[in-house]
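Chain nomenclature is as follows: A, B, C and D, assigned in order of appearance, with residue numbering initiated at 1 for each chain independently.
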Amino acid sequence: MAEAPTHNTEDYLRMYRQMVRIRAFEDTANQLYLSAKMPGLTHMYSGQEAVAVGICAALTDDDRITSTHRGHGHCVAKGGDLKTMFCELLGKAEGYCRGKGGSMHIADQSHGNLGANAIVGGSMGIATGAALTAKLRETGHVAVCFFGDGATAQGLLYEVMNMAALWRLPVIYACENNGYSEYTRTEEIAAGSLTARAEAFGIEAHRVDGQDVLAVNALARDLVERARRGEGPFFVELETYRYHGHHVGDINRDYYRSKDEEAEWKRVRDPIVNFGTWLEAEGIVSADELVAIGEAVKDEAAQAVAHAEAAEYPPGSEVDMHVYKGVDHALAYI
Amino acid sequence: MAEAPTHNTEDYLRMYRQMVRIRAFEDTANQLYLSAKMPGLTHMYSGQEAVAVGICAALTDDDRITSTHRGHGHCVAKGGDLKTMFCELLGKAEGYCRGKGGSMHIADQSHGNLGANAIVGGSMGIATGAALTAKLRETGHVAVCFFGDGATAQGLLYEVMNMAALWRLPVIYACENNGYSEYTRTEEIAAGSLTARAEAFGIEAHRVDGQDVLAVNALARDLVERARRGEGPFFVELETYRYHGHHVGDINRDYYRSKDEEAEWKRVRDPIVNFGTWLEAEGIVSADELVAIGEAVKDEAAQAVAHAEAAEYPPGSEVDMHVYKGVDHALAYI
Amino acid sequence: MSRETTLSKAVNEAIAEEMRRDPTVFLLGEDVAEAGTPFKVLSGLVEEFGTGRVIDTPISEPGFVGIAVGAAMTGTRPIVDLMFGDFLYLVMDQLCNQAAKSYYMSGGKLNVPMVLRTNMGATRRSAAQHSQSLQALVAHIPGLKVAMPSSAYEAKGLMKTAIRDDNPVVIFEDKLMYQDKAPVPEEEYLIPFGEAAIKREGGDITLIGTSSMVQVALKAAEALSAEGISAEVIDPRTLVPLDEETLVRSVKKTSRAIVIDEGHRNYGVTGEIAARLNERAFYHLDAPVLRFGAMDVPVPFSPALEDLTVPTPEAVAQAARTLCRGELIHAA
Amino acid sequence: MSRETTLSKAVNEAIAEEMRRDPTVFLLGEDVAEAGTPFKVLSGLVEEFGTGRVIDTPISEPGFVGIAVGAAMTGTRPIVDLMFGDFLYLVMDQLCNQAAKSYYMSGGKLNVPMVLRTNMGATRRSAAQHSQSLQALVAHIPGLKVAMPSSAYEAKGLMKTAIRDDNPVVIFEDKLMYQDKAPVPEEEYLIPFGEAAIKREGGDITLIGTSSMVQVALKAAEALSAEGISAEVIDPRTLVPLDEETLVRSVKKTSRAIVIDEGHRNYGVTGEIAARLNERAFYHLDAPVLRFGAMDVPVPFSPALEDLTVPTPEAVAQAARTLCRGELIHAA
């Protein structure tokens, strides 16, 4: 555990709770999938909680993030509500996107989450554009662009990093290196060094243990503050791990990743367990309090999913709504 | 002048002559444009001759290059024939592409020139693919990808450099940094360092004086040899300068580039003058011989353009030929 | 009050007026500032609005379109300058997967009020990668609106509407028309999307042209009128939304139609319009709806070939004649 | 000799056979090797041909399509695997500005014998960026050929033809059909491009369907036959080249037609085919040619909405009924 910048119990507990909420959300979503209650596929964030939480805890609701296909963690960490999220995953009208987006497009504009994206790297421009707005309109806001190690293969990243560097935009490129791009190890698809790539564009780059929420948060708070002052952009590589397969259906994965490797990460580097242990060791919370948080979150998730299961689908008349702003029904328009 | 690796008079004279041929071609093409004899626009290579010649002199006809919108120099240097080139610039049937390509698509497959490209950066994948063929088919050939400083803003470059590095392809990325991307200085459109960008992908990168044909050639010979042995890819940034405007019509350019700057480059760093001076100083040729080369090339260019002006346009029936290989006329087919 | 203005000037005025009106409007693209674009359409804007609102970009089309999408989502109204319509291929993902779908995917929460202005048109001897007219590609994608100004008047009015629209709009200017003049009101005006303009009234045949093909249609109509054939010429002005009603009404009146667009003919704009006319006016038609598009070949460089690939007034007039004589033919 | 084979297996066989036959054929794409693609279509190929010919790439679609173009130009025959058809937007420049135009721009010197295999099809609950059917975009571009297999049989025969073709070919497989079985000959066979297949003969109306829409048409035909309406079902198999003759011949016989394609309806495939039928068979038609495509909205995630966006046998049958009864209607 990195040294905590200040001893702020409330902040710690909020971060801990958020990580637990993400884990609970994912476990529940996985169950939904396994019991064939969820339409389509979804990508689990479990294991990477400290990244989303450590970074988003350094942001305000007015700061923007863009997310990925593995986006539930970012959505929760940025303030998302489990009930509305489950509704979206089940395609219900109460979902964040009225069921139109689903897991891969979940967005929560009220908390500054500009959305998950099913195009790998697809939101790199969007995050950079949000930072351009911040600069042009002098809002003092910051944008964080989350993406995976695999996404570093998209040329778009280098195009937007170049412009962000030239224009000194308040954007932080947060690369969650979980060691895999689908069914392939990162070494096989990424030559050289990820941080050096950013540095070559004149961007200050950092590498941090993505399983250590305090380390992530300390770095994020520093960079966010500096970005607000016009010292951005920044690049951060976060070393992390996904516990599940690439998506919920990726069950037999021995051919690309050993069970031992997975077990080892869970045993030694679980971000929630380790942070909990630290909180206890530092005397910030008791073991019982941690258990209580776990129980409360479990309840929250159970209620949220029950609500979502019972919720209504959008009426058929919505199918051609929201194609164009200002146009009620697109089919009558085009 | 860099030290010549071996004292090979024939090679020197060939390189000198090729540079003079490029200059003569461009001067003639510019005249064609100014006298309204040339359809469309074209981009002059004058000033950058040492780059194309220094590199292509290190290649065989079986090695491939890809070229750019500023591609006449590469075409000549790779073995192109002035007559066939002028025919192409004038849209005549005897042109390299039967008049279908024009200046921006001139290609000379018989000498391994896979073509100019009107999409900035558009041929980066093509060159890398030619190198992949060389590797898969074990041909021992090398591919050189020419592109400008402006083209480094295209994400495609980083995508293909990554793959070239991972797969150790025999490709050389030759970035001709002439200080400008259209009407904008390179500093305004490129953050960080171009060579560092390649190095971040694990690619060995070099910077060389692109006005010094011997320095360029020495580096190219070394890298080509090493690429053939499987030590590629490589990246080379060549510092150079274009004498004309961005294209032949870009006459009033004081607003982005001073006349003084242009004059200074021509006075101090002209690749032909400097190489000629060196050849004389080393006693390799006499001043008279250099003049004779100039005269002979002038004649060649004049004859070539006269031939092209008199040549026939392709018949109208060719308009829908060459859309699909194996299909005589596309309109009867689709 | 009207005065003659070039299309280039009209676009410039539209953008300047909207930038004065709304501080969130800004320009982004390659060499848009000091150079005012290679076509000089944006000359003078950086002097008035500064480099903070007229932003030169590197040659990173996907990147700066993506940046525009993000900027638009968060409270600004970017106008992206895409130097040649042929570069649309480079930005399709950001335009069609992101900009076009955000509003829908977010269930109406994240809209993208941006304008992508680009161009089209062959016969400039610019060869296959600088001459395409790719409007069909974007017209196919729900979530995008597509405007095709046919003169300086339309260019100004449609641009102003586009800038105020809350959705992504793609505007195609014909690069050969930048110096063409037309009467343009001194006063402010906007042209609503989805309203076709009847450019010439007539009773025997309807000629539907987009962008510069309106001029081709008008010239054909002129030639036909000398022979006693009265052609109605209609400019849809926007492909999405399409003013089907005006088109159908005309065709019901004339019973014959030809659709002309400078994009490739195969799987392009003309097929859609012809199919809609056939659906809606079938029982009124005396002959099949004919279509003219760019020849289905890459645009050749050689002038001797390039000129063969675009629709001409002569060819359109000839087809119209044959239709009006009731002869069964195939379109060129 | 025939046996039942899945579409997935048929594609795998086609590629394996051609790789055995021609050492210059190789595969390139994301997770094509050990993983055999997420859809497992290419399983086993890396074991037979090794990682030298079944090449895993990073997530760099423009990059590896560009590499394929260059490889194809210099003596190999790459098959590029594009994991989802929705990613076509990312590779449009390399596909349409480079691969499609090289042969023409070089005056017949540099051809690009490559296959881009990708997929299409909604109702998999994959939402707006993993469900599109974008065949219209590439069919519009001269220089590309476009194949749309409707069953395992077509998938194998068209793939083999594509691999041997000297031009860039885009093949769209319907990702919902990978497990669908059809009789596939044991012996080698190829299906030539530009030859439509009459999937069912009939005299009252022609139903033209592409890819999985052939099944929709066949189901509609089945329902109609119970009511005494005899529908002919035709599968064009390739959009470019299009076997216009077979389509026109059928429509001249039946006097009525419906075109069904899973791409968006607006400015898509159906408009072109309908327009061509109207042009060529106008005087034989008793009613307008109707069209079904995907609804012109981004594909929604919610099952309750997504299912509304695709053409169904019921809707097609209903439209056919109305046409055969001679009632004037509009297509859905």
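The criterion applied here is as follows: a residue touches a chain if its C-beta (ideal position, glycine included) is under 8 Å from a C-beta of that chain, and two chains touch if they have at least 3 such contacts.
Labels paired with UniProt names: A, B = Acetoin:2,6-dichlorophenolindophenol oxidoreductase subunit alpha; C, D = Pyruvate dehydrogenase E1 component subunit beta.
Since the model is a prediction, treat every value here as computed from it, not as a measurement.
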item	value
Of A-C and B-C, whichever chain pair has more C-beta contact pairs	A-C
Chain separated most widely from chain D, comparing mean CA positions	B
Where chain B and chain D are represented by their mean Cα positions, the distance between them in whole Å	40
Distance from chain D to chain A - Cα centre to Cα centre, in angstrom	36
Shared-contact residues (touching 2 or more other chains) in chain A	97-101, 105, 117, 119, 122, 153-156, 159, 162, 166, 188-190, 323, 330, 334
Residues of chain D touching at least two other chains	57-58, 60, 62-63, 86-87, 90, 93, 97, 104-105, 127-129, 142-143, 240, 266, 296-298, 300
Touching residues on chain B, where the partner in the complex is chain D	64, 66, 95-101, 105, 107, 109, 114-115, 117, 119, 122-134, 136-137, 143, 155-156, 159-160, 162-163, 166-167, 321-326, 330, 333-334
Chain D residues within the chain B interface of the complex	24, 26, 52-53, 55, 57-58, 60, 62-76, 78, 93-94, 97-98, 102-111, 113, 142-143, 145, 165-167, 194, 240-242
Chain A - residues contacting chain D, complex	39-41, 91-92, 97-105, 117-122, 150-151, 153-155, 181-184, 188-190, 255-256, 313-314, 316, 318-320, 323, 330-331, 334
Touching residues on chain B, where the partner in the complex is chain A	153-159, 161-162, 165-166, 188-193, 196-197, 199-203
Complex interface listing, chain C residues touching chain B	30-31, 34-35, 38, 56-60, 62-63, 86-87, 90, 124-130, 266, 295-298, 300-305, 308-309
